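Both of the next two complexes hold chain A, though its partner changes from chain B to chain C.
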Partner chain A sequence: MTPRSTYQKVLGWIGLLTVFVIVAFLILPAAVVTIAAFNDKPILSFPPQTWSWRWFGRALAYEDFRQGFFNGLIVTTWSSTIALCVGGMFAFVIDRYEFPLKSAIEGILISPLVIPHFTVGLGFLILAAQVGLSRGFAIVVICHVILVLPFVLRSVYVSLRNLDQSYEHAASSLGAGPLRVLATVTLPLLLPGLVSGWLFAAILSFNEFTASLFVTSQRTQTLPVAMYNYVREFADPSMAALSVMYIVGTAALIAFANAFLGLGKVLNIEQSH
Partner chain B sequence: MKPSANLEGEQAAVHFDVVSKRFDDVVALNDVTLGIGRSEFVTLLGPSGCGKTTLLKLAAGFLGPDGGSISIEGKRVNDIPTYQRGIGMMFQNYALFPHMSVAENVAYGLKTRRVPRAERDKRVADALALVKLMGMENRKPRQLSGGQQQRVALARALVINPTVLLLDEPFSALDKSLRSSMQVELREIQRKLGLTTIFVTHDQGEALSMSDRMAVMSEGRIRQLGSPVDVYRSPADPFVASFVGDNNRLRGQLVSIQAEQAIVALGDALVQVPGERLSGLEKSAAVDLFVRPEQFRIVAPGEPCVIKGSVVAQIYQGGHVDLQIECSGSVGDRLLVRSPGEQAVLRWPMGAPVGVAIQADRCSVFPAA
Partner chain C sequence: MNQQPFVRIFTAPATLCAVGFLAAMAAVLQYSLRAYVPGSLDPGGLTLANFADLLKPLYARVFLDTVVVCAMTAVVTLIVGYPLAYALVRVEQPILRSILLVIVVTPLFLGEVVRTYAWIIVLGNNGFINSLLMSLGLIGKPLQLMFTSFGVVVALVHVTLPVMVIMLAAGLSHIDRDYPRAAESLGAGPIRVFLTVTLPLSLPGVVAGTTTAFAWTFSAFATPQLIGGGRVNMISNLVYQLGFSSFNFPFAATLCVAGLALTALVLGLLRLASRPLRKIEVH
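Then we have the complex of A and B:
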């Protein structure tokens, strides 16, 4: 270790303390909810006096939550996959080609970031009523595609920017036509970016509440909407128990992605090669 | 082979005919014409931004020319995409596919050509043997050293029997000792296969040691095209003289010119120099003499010499000694003098007053810029 003066050491301790405080602040809500989930009493209170696992059982058994979870899976899978295809193609076109109105189109694709989710949801609700589209899964999926598209687009675009064009040049110098280059070189090298984009979209879509509230019906309600409806009627800790399972599930998913692809690659922090 | 200076389009393996290319407002290539003969190793040498890489990319088809035509084996390729040109290329960063093994990398170009499995395996093995990489088939590129990666890149480019081999600064990432051994090896393989090769570099030493012919480029033009010996011995202009090899520039004054021999005054001394590039110049015009470090000779003060000065730096290089001489006159500032052997270290110590004689018949003289 390099020699340091007392002054530098004090600065170092202050820095460490700051980081600790920030981390504690970040995990505070999750910690409170986790502790509250083990409360034996049928009210959300903190800290609990007696402890129990029973609200986990209740959350898992509750029909609306089960339905919401599976609805969420359907919506998330479809919307992230469609967003990945559409966003991926747009990212490719924006990265590789020059065309008029390019920046305008780019702006429109990023625009859901500035348009509030309830506006998107409300818009779709009005539109669906107008064209007579039933409030089935299609409308929810379309709505989610629009909401997650900017994130997917960004993710793929950044991966494409980081991709050294010499790989593609090398492939074409070896006789590979454009489609072959895409299939055997570009896509495999972009895989971490594509997976991270998909995962990001999936988590966002699964969590999305505001727009979903407008476009879902009793039959298609996703988990956050089901949770909202539940909390309007009941105040027991099964909500907290569900949140804990939610956090554990997401953490497991990210750990899984990390084990197979590397967290740096999935989150697009590292360069992909 | 002995290449001729002016290859016609049909004879040349690769022919650039009045090719121009611009990027927005920047002229990258300004009407470049260059013919490269079969089996010839031609180097494009120049500082960054001179257009050498652009010329290579045009040959590869990564870029299209704005004007002029490019032909490979007599066939115009302006509108033929890269993947139909039958070229082999090595990249500065090797561009090995990181998700494929060594064998898969080398086999890639054979798969695109639909070479049957059995033949493909044999040719991959042969190519890896050629670059001395047997037993590495299943490694991934990141598990190889820089030199090994380069060999894979070479094998991958060679295995498809390309009509032209294009090399984009392939040695720049290697350390010095590995670089020179790879240079020799690449040249041996290239000769053995009789492969037409275009090599891009900014390293003049590399260009001198490897090329059959070299094209020295600057600002989108070819300043000189010739064998390394020609370019080193008789540079076409001051740019080439100072870019290729070490050179000293001395400011002199033209005294007289007659039958391609000129007399130039360097301070008090008169030297006789080649005058073919001075025709039409008036007497007493300023001229620049370019003198190679080895064309100087250090003599004891008092002996006949052209320039007087003192030793200000000694750079011992093992086989030779480079001395820097601070001049007392107005002809130039510091001279770089190369003295073979190692006696110079003791004979001309730091601060010693010395005289410098010039082997003037070999130096290059241009009108002063």
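Then we have the complex of A and C:
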């Protein structure tokens, strides 16, 4: 064994150890919450003396969590579907055509990525008051559409870029009208991008917190807002139990998305060869 | 083919959204220039007094704290995120890669509240770290980790790490692997290859990641609110407090406008500083 290869091996081990420590840091809170969720006692203690499932039952039965969950479903379904339609259509025209104000509209719709959510939330709260819109679901949905649009736009735009336009040319040269080409060629080819864009938007909307805190009311509060209010008032492990369900559910969705859509491609981190 | 059959219909909803969003931002701007009428939800006449109030030590302090917390978080996240991004790009085994990817990406979608709550359990006086250290006999009484900037930064690093890793990995994955291979074949050791080839080529990703990390941290609310517990205040906490405790929406709006100006300034400076890097960007 040459000295160089020993040296490289040592470097390799150091690198592996570093990555291991960082992954441990990433997982630590989830692991600790899981342990805390099974603690039978109503106050926090490590390690738990006795174990139980009861906090899961309590979390599922807690009225604010239930209502928050169903409110979240309403807001998420509407906002991610609207964002998919608006963003999908717009991504299509920015990919294909030139038109006045193109980059201005695109810039405005992308800007929520760097504008703090508390500013967006405050803006829609004031706007709703100014135009006389009550604090119902409409304002929450509008706010969420704006917040998830950049992600939908990006996701659909990336799949449009990767689309082979010769299929469309073939269809139109065979006499199909523009609408027919769109419906029978472009849309089916875009389906994976549309699905991942919708999923992206739905997960983000369901978890959005800061802007929602501003625009929701007692009646329309979403699950993260209900959770925030709970953490401020109570310290029992119900919240830990709910967090565990949340983490498992989200990880399962991500793993599903990865298996069927290839997250690496969506996130643009595939190694180029 | 100069047909643009769908342009008008397809742009209309997006334009409507853009107009709505602009109206919301205009509402913030307009409120920031209105007087606060105590006890009333409606603002008073036009004034610049809100912006003058920003200079009061109390508020200047919050601005300074916010920038310090954001900068620290961005730098620590960069240092912690780089090795992970490197591993994510270089791991060859598909299963290991998928596991790593899911571990990195899941926290991104968990939302701030769940992650902040988890950190309360880790950092609290009866929390995981203190219980562990006490049972090992390393400390006699619990360390104060909650309600400190240290605790807030640790939790914020955890919140921003996924975005940083994704942006760094995007930068790293677009480096042509022939460059480091060429350096290797010319006799450079692994550390030298990394420092003189891979690292410089990944700098555009570093700038993008740091910029995003800064902006995201600036936007954080639940983490400084719950872990800072009023002792570490960021602009977001002040905006919420002003709006929902004292109903001083005009001044809350002023803080938002000033915050936007500050973010724009910092991001602009970062972009300016990174201008020489454009030359080495790989296409």
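The criterion applied here is as follows: the second predicted complex is superposed on the first by the 243 of 273 C-alpha atoms of A that agree within 3 Å, B and C clash if a C-alpha of one lies under 4 Å from a C-alpha of the other, contacts with A are read in each partner's own complex, and residues count from 1 in each chain.
The working rule: a residue touches a chain if its C-beta (ideal position, glycine included) is under 8 Å from a C-beta of that chain, and two chains touch if they have at least 3 such contacts.
All figures in this text were calculated on a predicted structure; none of them were measured in a lab.
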{"item": "Contacts of A:Ser243 with chain B and chain C, given as first, second, both or neither", "value": "second"}
{"item": "First, second, both or neither for A:Tyr157, with chain B first and chain C second", "value": "neither"}
{"item": "Partner chain(s) touched by A:Ile115 [first = chain B, second = chain C, both, neither]", "value": "second"}
{"item": "Winner by number of chain A residues touched, once chain B and chain C are compared", "value": "C"}
{"item": "Partner chain in contact with A:Trp78 - chain B first, chain C second, else both or neither", "value": "neither"}
{"item": "Partner chain(s) touched by A:Ser166 [first = chain B, second = chain C, both, neither]", "value": "first"}
{"item": "Contacts of A:Val185 with chain B and chain C, given as first, second, both or neither", "value": "first"}
{"item": "Which of chain B and chain C A:Ala176 touches, first, second, both or neither", "value": "first"}
{"item": "Overlap of chain C and chain B interfaces on chain A (superposed complexes)", "value": "273"}
{"item": "Parts of chain A lying in touch with chain C, wherever the complex brings them together", "value": "4, 7-8, 11, 15, 18-19, 22-23, 25-30, 32-33, 35-36, 43-47, 85-87, 89-90, 92-93, 97, 99, 101, 104-105, 108-109, 111-120, 122-127, 129-130, 142, 145-146, 149, 178-179, 182, 203-204, 207-210, 213-214, 224, 227-228, 231-232, 239-240, 243, 246-247, 250-251, 253-255, 258-259, 263-264, 267-273"}
{"item": "Parts of chain C lying in touch with chain A, wherever the complex brings them together", "value": "3-7, 9-11, 13-15, 17-18, 20-25, 27-28, 31, 41, 80, 83-84, 86-90, 97-98, 100-107, 109-122, 124, 126-128, 131-132, 158, 161, 166, 169-170, 172-174, 176-177, 189-191, 212, 215, 218-222, 226, 235-236, 239-240, 243, 249, 252-253, 256, 259-260, 263, 267"}
{"item": "Residues of chain A that touch chain B when the two form their complex", "value": "164, 166-167, 169-177, 180, 184-185, 188-189, 273"}
{"item": "Chain B residues touching chain A - in the complex, by the definition given at the top", "value": "60-62, 81-89, 91-93, 95-99, 108-109, 112-113, 156-157, 160, 166"}
